[in-house]
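Lettered A, B, C, D, E, F and G in written order, each chain numbered from 1.
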């Protein structure tokens, strides 16, 4: 299925959607969005590219095996739960670190964000594993 | 005043949406129905979103309104192209009153490559 | 320090995640498989001991006070179940080193196993009803994936039924949770127990309880909801069958125990009478189903159902002794049933089939296997002095105490029929001479390869455990007694979770 | 004033929805149904636009944003299906 | 509104159940999709429905400036949606493979495993 | 492209100098940067066309919106009246646009405007097949599409 | 004491290795254990003879009142002496008899374990411990009966024995539990010492349940059929299990419980009548049989019937008769079975018709066979004679149904003589018959020792009855009776009614023996009757019926049709929810639709319409497209009611779902209409009922809402404690992060599953 229009639009949309997905991920704590939604958008972007080209090139574009993404995301999510345990707190107790970034002011970064990134990666990995497997089976 | 403008955009936009709906219902074949949705759909939704932009008139709303409209304008034609192409390829019949079909016979059944008609190919060079 | 409460969930989750991240290395997966389950055993036993010493332990996840965050609660019932998970997990992991082929390992056998264990433990420990649903799903999807590992036609057919009926169950559970949340505005089980007392009309609670009963009934494979089990349990890898047989339905039983002691105790006379009928019919239909089978794993599968009936019976009678019996039965059954499936795997390894008609002669060639089969088989049938006898005895005694004669009769009869089935396997697989005119292809193609001892060691270990419980049942009894005491007095659980702040 | 406009807009959108659904049911070909589905996605955007105004909550615009970005994926999927030679006699 | 939703959700359950009772495995999957939507909407309804009160805290504030819709129910539904998607993906691929090995889209041809 | 990059850099410098990290300030910086580039550096070859792009872009948007509304009204008329007035046809339109981006943008614009709908690009990228709704005068149809193409290319090139 | 009981099991565990080490003489080596036990138990005699008891208790599961408590009194002492004493001869005998058998090591395991179980059974004072050993004897005897396990007949017989005895055993368990509750203790001695069991409301059920256990174990009519079949076991097993020990467990139990449960009319009638009928049936069947072991087995049935009857009668004489008879029978039956083994071993004879005139070839064997048979026939001066006299006396004095019992006893006595003659005369005397094997020499000493000692004891005890009486029989009778008895056994009671009956029956019996062939022929027709309505036939029918009903049930329930499974579950749910709602009369409040706005009607209408389309449309992908529309509708519902995150997620998931379906449906065929209209209507009705039910439950829930949600806390703490303004997201990643963790694992698992499903195909396996 070679479509010049789809491929071009896809090439344009891929970075746009990926950027958008990271935007959704990062702002999810304050506005609609978050790890799931971001992950789903990112996965959709890649799926779009998948449809625009053949599986092999899609995999080449992807460069990493989605199953690795899956494993890393899962590990990240669990590990984010652990730090609290070292301070005698229950698992999943959020740890916040405040940075004073020049020009941006006070920035709060926490294990919660790490968890959300884990979610984001798992969603991407899972959706892509499923879609790639299916698309491959189709060919 | 803002309310009036907003209302105007909403109603007109929704009106175009209705046109799109009617078009998709009443038009005789796939391609003509797609005219209705791509144009009236995008315009209708766009106008209504403009209404939103006008109503709130804040940057973050405007940015999102523009983004939505932009995305719609980017994606709707691509979708239309894909559907139309697929429909044509699988042989969805054209309306009986269609005057001319230069696409006919140009697709290769197996490779899905699309040839360009020899007559048309030279034309732009002549003009340019 | 309550860290230990969460570890039985965290450890297998981490093991699953890491072994998935390392999916390309077979060796890493095998190593993590054994180390992960060993660690699980360690933390589980630790948790049980801590719970025994200190009473109900609670971890408020994320540091959010109950009922606003999710709590993990280790009461005696939960801690017992967690230890049982480890008791099945470790032997199965060792067994799998030899019993699961490289191609299955490559497609995620070990991560799936860890995550199944994690889901099961999560379900046992959570004190939040929505979180229970989530763990159910973790366990369920892991089991889906394990079930189809192999791609055989029978697996697909079985899986469709398994998946559909279990999904129906999940949706009913989710609906029930939604309704309870609508009714009380809370999800914490202890808080639910408190707030449901304030509902003016307990009728709607009992109606919602019916949804839970059906949902958990499906998960537990009780009558008349068990259809998915016989359709699927004999199709996956043997190690998977053993894992399922030991754990999955018991999570349903556990959920029934939890829900119908802590949350739905508004009208015990009504709900538990229904449970009693469910128990009796489950026992009967399951055991009759087994009597009609001539394939080793199918027989064992149907017996899971009938044994589930005994466990539910303990809950249904709802006396201290009955609950002790139910809990005792769960402990006994998990060990024994998993072991029987593992034995069936060795039989398959040796003979290439599970069909009784094509099997035979194993007593002559592998007498030790006969012994290893006899111990769990006779225990399953409730023969003394094995673990199953005490389990059955307690239930019968409890039944006599409340003079529920018919259920005592059914329990006894089913015991006899169970013995019949086990003896059928014994006579056909072990005693009978190897039939000569069998399908050569089936018999001549046993899985080759060494490492049989890796399969036998876990079996022997579980058999010893069965024997141990039989010969020294007092500690097990004490555990079950504590669990029953806690279950019949929900205020202990509520107090531990809410600490007086919730009500 | 704005309330009336919103009601009118809702009504028009509702009618459009009705017609789209009719096309969705009637087909006759799969691409026809997909076109109807695409329009329904656009109509959903329209609905959200009106609702953002009547509710005054701009957070819902994000839904429209995501919808505009991804809804066409379904159409792409159907198109791919057809081109790959899915069952044409389906309808 | 909840009253009407109760009827709508009931309708969705009915549609789902009807589809699940068909012989075609494809219809079975459609039934499952409907079922999970029905359950999500049930939670949404049971928790109570509020118009135009998204559970967001305005920038710079500590709490929302007034009542908001129940965020907990929304979080539950979100979780349920994603779980439902995972499970559905599995189920869909399962029927695909089942069709491949059985060669028919007919549940009645899939009963060898039972007895 | 280089010119656009410069413009963005200027906008960012503006934002950091003014110290207000808001979207509106970025926009202001961009417009200011454009004006500066278009005025101060108009003799540099890199920026030669850049000054003209602003007005051309604005004009093109205006043209496009006009066409959009016009075509929609026509479709609306056709839809709302009982009889079909249209005379559809599929034509092959020879392209001047060459790059992927140009072709795609053109195709999308065509789909969004006057009774035309892009169906596909030939594999040799020379011809765009277009479904035309009102095929009354073939030459006029071609001419109006060509008009849009050239206007678009003016902005892009 | 614990060691004494467990020693059998312990030695059993290592028996194969002992056997391997000691080789040919393993029989003697292993027999040392029962021998030692015999001596050990003998040491109790002085204390027991004085009417004492010795009790040992070891904790087991105190929480359940289960302990390993053992009581040595007259009754248990009598039994343990028989068990260990005969056990000694059996084990040593088996060492020779099975010498060439390949599985002899396993045989030792089983026979020793069996012995241990039997010792435990008779010594146990705790009801549950008793039951444990009771069941252990069933299982070990199962394994022993099926010793020749490759023979289908042996397996059948073993199963039969097991089912009957375990079935009875389970009834016994229920009886024990009830007994313990009625008696207030799980210790037998305490239960029996207590008062009022006979008047307890549960008396009759307890009695019936206990009798079910005892009668099946002791092969009382109609459960007698399994015992002759158990002869499939090797001869030493038959000798041990089916003469001296296991089958007497039932009798033991009756004797043991007599003080507590006996003495009522029910006890008397049931026991004496069942016992009497069993007695006659046994002896009659024995007289009709020709197989060596069959004759002996049926005569065992007779003996068990006799014992049961006597315990039922329960008078002093009867009890004394019972313990005497018990001992006499054990001695002569043990001897005779062992001799049967010699017949088989030396002459290859399994049937009396194959035998005759072996006296010259096997003179020693003949002698011991003859004295054992004399004891069996109750001929003076054998110990059997004393027992028979006492039995007749007890029957004549029986408080009720004496006439019936006497008639049964007289008939039994006559036929008993016939049986004794068959056993004691037929093989040895008369013309020499060609036997399958020509006996060249006597059996080896190990095999002759048992018959010799046991047979001689029968004679010795007859001549000197004070020997067994002192210490053992007297105390045993006292234990059974429940009070000390003055037991004075003597050979000669003067000329009385029992003696007359004995004499007459001796003559009649011998006369019958001369007509044995005609006797058998005259009753040949009974075979047909037994085959069509006999208890064994009933057993077979029951088992067949079981399998048939199991089959039927499985076909009905587990029918393979997913939709019937679903239907069953849904109907169950409808019924349970419906009935519950009805019983509790749940209320739903006022229905109000007034507040609904136009856009809400529209969106809901569209959603339902899309659902309806998805259900009814004929096109598969059309259905998928409608699902997409449905998804947008649902997303709009979320948006209209304040859930932007959910709305976004719904949109994304819906899109991905559609893509997934499209990818997967690629190869699947179009919808088929497979159901008839009637079925569709049925399904629609059920589906609508379920939907209606859910609506009803939701309405009632909404009506009954009792609390505000805990989410007020989340709203208040989201920004201050969670540092996030999107409350839903703060819940997802912080307040309820564990849910989210589980959920991403679900997603990951689904992905792994899908990956495996697609890439791991059965057909790829090479």
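Basically, a residue touches a chain if its C-beta (ideal position, glycine included) is under 8 Å from a C-beta of that chain, and two chains touch if they have at least 3 such contacts.
None of these values were measured; they are calculated from a predicted model.
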item: Chain pair with more C-beta contacts, C-G versus A-F; value: C-G
item: Centre distance in Å when subunit D and subunit F are each reduced to the mean of their C-alpha atoms; value: 26
item: Centroid spacing, where centroids are CA-atom means, of subunit E and subunit G in whole angstrom; value: 50
item: Inter-centroid spacing, subunit E versus subunit C (mean Cα positions, whole Å); value: 28
item: Residue list for subunit E, restricted to those that touch at least two other chains; value: 20, 28, 38, 42, 45-48, 51-54, 56, 59, 72-73, 76, 78-79, 82-83, 86-87, 89-90, 93-97, 101, 107, 110-115
item: Contacts with 2+ other chains: residues of subunit B; value: 22, 34, 36, 42, 60, 74-76, 78, 80-82, 84-85, 112-113
item: Residue numbers of subunit G (touch at least two other chains); value: 554, 558, 560, 562, 566, 620, 640, 642, 644-645, 648-649, 652-653, 655-656, 659-660, 663-666, 669, 694, 698, 701-702, 705, 709-711, 714, 725-726, 732, 734-741, 743-755, 757-759, 762
item: Pairs of chains in contact (touch as defined earlier), listed by label; value: A-B, A-C, A-D, A-E, A-F, A-G, B-D, B-F, C-E, C-G, D-E, D-G, E-G
item: Subunit C residues within the subunit G interface of the complex; value: 13, 16, 20, 61-62, 64, 67-70, 72, 103-104, 107-108, 111-112, 115, 118-119, 122, 126, 128, 130-131, 134-135, 137-138, 141-142, 144-145, 148-153, 155, 160-161, 164-165, 168, 172, 175, 179, 181-188, 191, 195, 198-204, 206-211, 213-214, 218, 224-225, 227-228, 230-231, 270, 274, 285, 288-293, 363-364, 367, 378, 383-385, 389-390, 393-394, 396-397, 400-401, 408-409, 412-413, 415-417, 419-420, 423, 427, 430-433, 473-474, 477-478, 481
item: Touching residues (chain side subunit F, partner subunit A) in the complex; value: 16, 19, 21, 100-101, 103-104, 107-108, 118, 120-121, 123, 125
item: Subunit G residues touching subunit D - in the complex, by the definition given at the top; value: 598-599, 602-603, 605-606, 609-610, 613, 617-622, 625-626, 628-629, 632, 635-636, 639-640, 642, 644, 647-648, 651-652, 655-656, 658-659, 662-663, 665-666, 669-670
item: Subunit E residues touching subunit A - in the complex, by the definition given at the top; value: 54, 56, 59, 78, 82, 86, 89, 93, 96
item: List of subunit C residues in touch with subunit A within their complex; value: 1-3, 6, 10, 13-14, 16-18, 20-23, 59-63
